[in-house]
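The first chain written gets the first letter, and so on, giving A, B, C and D; residue counts start at 1 in each chain.
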Amino acid sequence: MNMIPYNHWLRSLWNLLMLFVILLFLLVISYRQIFDLFQPDAAYWIFVGLFIVDIILNFFTTIKRGHIRMEKPFEVRRFYVRTSFWLDCVAALPVEGLFFWLWGPLGSQDSFVSALYLLALSITLVKLLKAGSIFKYLQESLGIMPAARRLLLFAYWLVVVVHLIALGWVWIGAVESGRPSLDRYLRALYWATTTIATIGYGDYTPDHNNNLQIIYTVIIELFGVGMFSYVIANVSSLVANLDVAKSAYRRHLDEVNAFLHAQRIPLHLQERVRDYYSYLWEQQRGVSTMQVLQEFPRSLSQEILLYLNRDVLERVELFCGADELFIREAMQLLKSEVFLPGEYIIHQGEIGDCMYFLTSGTVQVLVDGKEITRLGPGSPFGETALVEQGHRNASVVSIDYSTGYRLSKSDFEGLRQKYPEFDAHIQKVVAGRKKN
Amino acid sequence: MNMIPYNHWLRSLWNLLMLFVILLFLLVISYRQIFDLFQPDAAYWIFVGLFIVDIILNFFTTIKRGHIRMEKPFEVRRFYVRTSFWLDCVAALPVEGLFFWLWGPLGSQDSFVSALYLLALSITLVKLLKAGSIFKYLQESLGIMPAARRLLLFAYWLVVVVHLIALGWVWIGAVESGRPSLDRYLRALYWATTTIATIGYGDYTPDHNNNLQIIYTVIIELFGVGMFSYVIANVSSLVANLDVAKSAYRRHLDEVNAFLHAQRIPLHLQERVRDYYSYLWEQQRGVSTMQVLQEFPRSLSQEILLYLNRDVLERVELFCGADELFIREAMQLLKSEVFLPGEYIIHQGEIGDCMYFLTSGTVQVLVDGKEITRLGPGSPFGETALVEQGHRNASVVSIDYSTGYRLSKSDFEGLRQKYPEFDAHIQKVVAGRKKN
Amino acid sequence: MNMIPYNHWLRSLWNLLMLFVILLFLLVISYRQIFDLFQPDAAYWIFVGLFIVDIILNFFTTIKRGHIRMEKPFEVRRFYVRTSFWLDCVAALPVEGLFFWLWGPLGSQDSFVSALYLLALSITLVKLLKAGSIFKYLQESLGIMPAARRLLLFAYWLVVVVHLIALGWVWIGAVESGRPSLDRYLRALYWATTTIATIGYGDYTPDHNNNLQIIYTVIIELFGVGMFSYVIANVSSLVANLDVAKSAYRRHLDEVNAFLHAQRIPLHLQERVRDYYSYLWEQQRGVSTMQVLQEFPRSLSQEILLYLNRDVLERVELFCGADELFIREAMQLLKSEVFLPGEYIIHQGEIGDCMYFLTSGTVQVLVDGKEITRLGPGSPFGETALVEQGHRNASVVSIDYSTGYRLSKSDFEGLRQKYPEFDAHIQKVVAGRKKN
Amino acid sequence: MNMIPYNHWLRSLWNLLMLFVILLFLLVISYRQIFDLFQPDAAYWIFVGLFIVDIILNFFTTIKRGHIRMEKPFEVRRFYVRTSFWLDCVAALPVEGLFFWLWGPLGSQDSFVSALYLLALSITLVKLLKAGSIFKYLQESLGIMPAARRLLLFAYWLVVVVHLIALGWVWIGAVESGRPSLDRYLRALYWATTTIATIGYGDYTPDHNNNLQIIYTVIIELFGVGMFSYVIANVSSLVANLDVAKSAYRRHLDEVNAFLHAQRIPLHLQERVRDYYSYLWEQQRGVSTMQVLQEFPRSLSQEILLYLNRDVLERVELFCGADELFIREAMQLLKSEVFLPGEYIIHQGEIGDCMYFLTSGTVQVLVDGKEITRLGPGSPFGETALVEQGHRNASVVSIDYSTGYRLSKSDFEGLRQKYPEFDAHIQKVVAGRKKN
C-alpha cells in the first residue's frame, strides 16, 4: 500500500477539518458538560471516531520535519510512535463518555466531587496540543503566509480561552439563573469579554457573598487581561506587518522623503526619485535580490539566479548553448543595475571598464548624437571597448526605465581566461558588429 | 479638449471635496435612514450628482500610477474603465433613493425584512473604498508628509466606524427611547466611545432580556476594542515619528551622550561634541547626504549633487565652464567634511595627500603662524602639494564651523589623467598662487 | 573553616528560600498588622531568625561581582561589611515586634498616630531591596535564562504591589465592614485588581463622602494603572522573546519568504531554500558562530572553536598531535560552509583555490562521473590541486546536507611557510593519495 | 553692566522656579476662576510680577541656540525681541485681572457670555508654550539626562491636562453640587482620572438629560484616553531606556547567551565569556569608544582620545615630551584590546607584526617559560621584533584582566618614517632592553 504524501491537498484538507473538529468538540462538549446536557450520543462518537481515523491516517502519511523527509512506512511509523502518537491517543480517549458511564453527569455530584470530576475532564484539553501540532504541520505543507497563519492561531486560541472563561463563570454559579442554558452561556460570554477587554460595565459582577466568585474574577482579571493585551499587541503588529516587504519599503521611503524635504530638493527631482523607487518596488518588491542571495549557499543562489534570468539566458547569444558551469559562474559575477529614462549608460569617448546585458526595457545606440540602432532585452552592449582596450565608440541611452546586468572588465578577463569558448564567442560578436 | 493634469491644484481640491462629501454622505444619510428621517430630497440628489461629476472628471484627468504616466485621452479612458470605473459607478448608485421608492422607509418594515433591507443598503459602504483610493491619489499629487496623511486616514476611519457602531446600537433598539433622534444618536455615540475606549461606565448596557443586544455588545467589545487599541498604538507611533529624521537624530544623540557620560569626558569637551551635532543637524537635518545618494542610481545621485552644490559650482574656478561629464564625475569623488572652529585642516610641513574645496565658512591660511590670507566658500586649497609632491607650505585653520569637500590624491590623479583641461587648469592655479 | 562557594547548589537553594521567606513575610506580617491580628509569635521570630542566619551565611560565602571573585575570608568580610551588610541588618530588624512592645497594635492608635506608626513600619520594605539583590545574585550563580528570570521578577513585584494596594484600601476603611478579615482582604484585593487592570466594575468604589478614599483611588489609578500597563507590555515582549535566537530566526525567515513570494520562485526551489534554513537552524540555532566569535577576544574565541571542533580535531589526521599554536591559528583561518544534497563542492577540471575539511555528513569523490570513494567527517579533500597548482582531478559531491571548513589557498600557503611540520604532513598525504 | 551667562547655576535655578510658577499659576488661578473665588489679590500680582522679571532677565542673559552663542548685549536683545519676546509678553499679560475689572467674575455671566469669557481666558495657556521653551533651555544649560527630562515633561503635561479636564467637568456643572469647592474639585479630578485611565467605575457619569455633558465625555474619552495611552507607552519605553547604554548592553548579552546555550558551550567557558563581558561593561559601559569616535570629526576625536589616555601618555616614555602632532596621529592608529587572565599576548618564537602599550593591568614577560620581569600600565612591549624583523624573543602573558593598545607593523613603520624623533627613541629603548 502506498503512503500518502505529507503535502497532498486532500491530506491538508483533512488537517483543516481536524482543526475545526477539535474546536467544535471543545466548544460543544464542554458546553454540554457544564449545563448537564451531555449524553454520549451519536455526534459524540462521531467526533471520537474522527480522532481515531486521524491516528490511523498518520500511520500512512509521509513525514517532513525541518529538512528531513521520511517516506518508508517503517521509518514513518517508528518516528510517529516515538513522537506525537501518544499525544494523539490521549486526545482520542473518549474521557467524557467513560466518566459519564462510570459516575453519571457532572451536575449530579456534590460540589467537591464535581471539582475533582472537572479536573479529570480537563484531560480533554490535550486536544489543544494536537491542534497546535496540526497548525505547525499545515505551515510546512501549505506554506501559508506566516503572518496570516499567526493571526488565525490567535483567533483560534482566543475563542477557546474566552469560551473556557465563560464556562468557568457558569460552573461557579455566577451567571444569572432562571434562563435557558444558551441564554445563560451568552451572558457568561458577555461577562467574559466585558472583563478581559477591561471594559467592566459592572452589570454582571461576582456575588459579594461568594468568595469563590471573587477569587475567580481576580484570577481572570490578572491573566485574562494580560492575555487579551498580549493578543491585541500581537495582532496589531501582525496587521502592521502583514506584508513585511511592503512595510520595510514604506519605512525606507519615509527616510528618503525626509532627506528630500530636509535638503529642499526641487519638486521635479523629488518626483524622479519617487518614480525610481516605485519602479524598483514593482520590479523587486522592495527586496534586493543580490543581498538575499548572498547568504544562500552557492549552489542554491546559482539555481535561483538561473531561474530568475531564464528569459535573459535564452535571449543572450553568449549564453545560448554555453557550458552550464560557465553560465553559473558568470551569473554570480553580474551586478544588477537600473537605468532611468534618458540616462546615459555609456558615453561615447569614455574609457570603458565594463559591459552590459539588457534584461528589460529598450536602449538607443547613438554615434555622434545620431541613433544608429535600438537594442532590446537580451542584448549585450559595451563589449567592444573591453576587447580592444580603447574608448567607447558609441553612446547608449536608456529610453524608458530599463534594467541590466553589468560585467566589470576584471571579471570579464577572468571569464575569458577560464573559458576559451567564451573568448572565441566574444571575438566573433565584436567582429560581426564592426562590419555593421 | 485638453486633459486636466493629475496634479493640478484644482483637481486636488476637488478630491479633498469628494473625501468630505463621502464622509458627510455616510454620516448624514445613514443617520436619516436609521431614524426613519430619510427622504430622497434635493440634498440627497446633489450628493449623488457630485459622485457622477467625479466619474466624468476622471475621464478627463491624466493618470499617474507608480512611475507610469498616462496622458493620452484614449489611454486614460481605457485604463480607468479597466480599473476603478466600476467601483466609482457602484459608489454613485443612488441605492437609498431607489430602495425608498421601491419599499418605502426602513422603519416601516417588520424586523426580518428590515434586516435584509439594511444589508442591501450596505452597498453604500463601497464609498469607503472610493475614499481609500482618493487618499492614495492625493498622496501622489500633493506629496503631503506621509505620517500626517496616515493620521488623517486614521481619524477618517475612526469617525466612520464609531458612527456605524452607534447606529447599530440604535437599530437594535438598545438606546434610551422617548427622546428626539439627535439625542438618541448622541447617547448611542456615548455608549460606543465608552465601550471601545474600554471605559465601560455601565450606565448604558445591553438589555439583559435581549440576546441580540448582548451579542452585538460582545462583538463590539472584541473588534471595537481591538480596533481602538490598534488605532491608539498607531497614532502613538505616528506622533512619535512625525519627524522621522528628528527622532532618529535624537536617538543617536542619546547614544553619544551615554558614551560621554560613561567615559566621564570633561564638560567643555562634551559641549563641543554637542555643538558639533547641533551644527550637523542644522546643515543636514540628521541625514547623511552621501549615504542616501549611494543607493540612488548614478545619474540621479549626480543630478542631486549638482543641485545641492550649485553655489559651489558657480564659485569654484575649476568648475566654471568645465565639461559637464567632468563635473558629474568629480562630484561623486568628493567627500564632505565638517571642520570645527580652530581646527587645523592642513598642517604646514605635513606630506599632503588631498586637496579641499570650501563650501561654507571661512578659513585662515597661515605661513609660520602668520595669517597671509583668508579663503571663503568656493575656494580650493591644498592643491599645491598634490601637484608638486612636496610638503604642505602653509597651514589652513577653520575660523568658525565650516564645511568642505575633500578630494584624495589618487582620485585627483585619476581626474587629471582622464581630463586634460582639468590638469591644465590646476597647473595654472598653482602657478598663480606661487607668485603671491 | 572553609568558605561556601558562591555557586554551590545548596547556597542557591538557600537564596531561593530567602526570596520565598521575604515574600511570605511581607504578605503575612503586613496582613496581620493591618487587621490587628499581629502578635510577635513564634512564626514571626522564626522569620526574623532566618534573616539573621542569612547575614551569618553571607560572612562565609565567597563573592563574585562581575568578573571579580573574592574567596579569602578577610576579603569577603571586608567587602560584605562595606556593601550590603547594612541593608541586610536593617532588613533583619524586628521592627514590627519592637513597635508592638513599645506602642501596642496598630489599630489601637488614633488616626494620626496610626499613620505615623505605619510610616515607621514601612522600614520593612527594605526587605524588597534585599530580594532584588538576591535576584541579581541568583542570576550570577544559576545562569537561568534571562527572559524567564525577568518574568519571575515581574510576578514577584506585581504580587507585592497588588497586596500593598489592597492593604492600603483596607487601612483607609474603604472595604466592606462586617466580614471576617480574610473576606475583607479578598474584597480589597478584588478592588485592587479590578482597578489596576482598568476594568472598574464600579461595585466597589471609594465612599463619596470620604476625601481620603477618593485621593487614594486617584493615586492608584494613575500609578497602579501605569505600573500594570508597564508590566503587561514587558511581559508581552518577554513572552515574545523567550527564545531570542528563535524569534530573530523567524523574523529573518519571514524576509526570505517575502523575497521568494515576490520573485515567484517555483515551489520546489522555495522548498529547498526553506529546508536549507531549517538545517541551518538545527545546526546553529540561528546564530552564526563565526559572527559571534569575531567580537570575542582572540584567546577566548580560539578556545571556543577548539571546543566546538573537538570531534573534527580528533578525526582530522592533520591536526592529530599537531602543535597547539598551529591548531589555534589554523582554526581561525577556516571558514564554515554548508553543502546541500547533490551540490558539487569541487568540479573536476576547475583550477582549485581552496581545500576543505568535512565536519559532518558524507561526500562522494567522482572521477569522470564514477564514484571512486566516499569521505566522512574529519576527511580533508581538495588539497592535491593546492599543492600541485593544477586542475582539480576529481569532483566532490555532497550526498546529504553536510558542513565543512574551507581553507583558502593564500591562508594555506601562509600556514605551510610558518609551520614546516604542516608542510611535511601535507606532502605526505598527497603522496599517499596519488598511489590510490 | 555684565550679561548673565546662560549656563550660570542661578539662572538655571530661576528657570526651574519659573517652571514651578507657571504650573502653580495654571493650577491655582484657573481653579479660582472656575469656582468664582478669583480676586486679583497680592498673590496674583506677585505671579504676574515674576513673569515680567523673567522678561527683563532675558534681556540680560547670553543666549545659546544650537552651536551658536550670543554674548553681546545688542545681539542678545535683537535676537530675543525677534524670537520669544512676544510670546513672553503675552504670557505675562494679566488677562485674568483685566477681565475681572472689565466684566466681573466668570460665574456672574449668563451661560453664553461665560463661554466666550472662558475662551478669552484661554490666552493664559500661552504660558504652557513658555514652559516648553524653558524646558528646552534647561536641557541646553543643565545637560540633564534626556530620558529623565522627558519623564518630567510628561508628568508636567499630564498634571496640567488632567487638571483642565477636571475643571471642564466642573464648569459644565457635571460635578456633585452641595459640597465645598475643594471637595467638588477632588470629585472632578476623580472622575477625570477614572475616565482617562479607562477604568470607568460608573459612579460619576454625565447627567443623562444633559447633552453638553455627554458630548464633553465623548470628547474626553477619545482624546483623553488616547493621550493617556500615549503617555503610558512613552513612559514605559523611557523607563525601559533610562540607561540607554545598559539596555543595549543587556540585549547584546542576551544574544551572546543564546549562542552559548545553543552551542552547548561548557559552563566554565560560558563563565569566562560572561566575565569578559562584565569586565568590558565596567571598562567601557558597553559603548565601544573607537566606534563612537569614528563618526566624530578628526580634531574632536583626537582631543577625546588625548583626554581618555592622559594617564597612559604620562607614563609611556615614548610620548613624554613628544611632538603633539605626533601624539595625535599615533593615538588614532592605536587599536584598543582586552587581554584575559592567562592569555598569551605574545608567544616566544612567533614572527611579530605589532607592538603593544599596556594601559591597565599587569603582564609577565617570560623567556623559555621563566618570568624575567613584570610590566605595568604605560609600558610598551613587543617593539624589539618589529625593529629587528625577527622572531619574538619572549612571551608576554596577562596576569589579570588588562587592556592595551596595539600598534601594527605597517602603522609603526609609517610613524618612524614621518617622525625621526620617534625612530630615534625606539632604537634607544630597544638598545636599553637588550642590555637587560
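Quick note on the criterion: a residue touches a chain if its C-beta (ideal position, glycine included) is under 8 Å from a C-beta of that chain, and two chains touch if they have at least 3 such contacts.
According to UniProt, the chain labels map to these proteins: A, B, C, D = Transcriptional regulator, Crp/Fnr family.
No experiment lies behind these values; they were computed from the predicted model shown.
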Checklist outcome for this item: Field rot_deg for pair chain A/chain B, CA superposition, rounded to the nearest 5 degrees, holds 90
Checklist entry - So which has more C-beta pairs touching, C-D or A-D? => result C-D
Checklist entry - By mean C-alpha coordinates, which chain is most distant from chain C? => result B
Next on the checklist: Please tell me the distance, in whole Å, between the geometric centres of chain C and chain D computed from their C-alpha atoms.
Outcome noted: 29
Item to check | Centre-to-centre distance between chain D and chain A (centres being mean Cα positions), rounded to whole Å | outcome: 41
Checklist entry - Which parts of chain C, given as residue numbers and ranges, touch two or more other chains? => result 198-202, 233
Checklist entry - Tell me, which parts of chain D touch chain C in their complex? => result 176, 183, 186-187, 189-190, 193-194, 197-203, 232-233, 235-236, 239-240, 250, 253-259, 261-263, 265-267, 269-270, 272-273, 275-276, 278-279, 281-282, 337-340, 343-344, 347, 350-351, 401
Checklist outcome for this item: chain B contacts chain A in the complex at 66-67, 143, 145-147, 195, 198-202, 205-206, 208, 211, 214-215, 217-218, 221-222, 225-226, 229-230, 233-234, 241, 243-245, 248, 284-287, 289, 292, 296-300, 303-304, 307-308, 325, 418
Checklist outcome for this item: Within the complex, chain B is touched by chain C residues 198-202
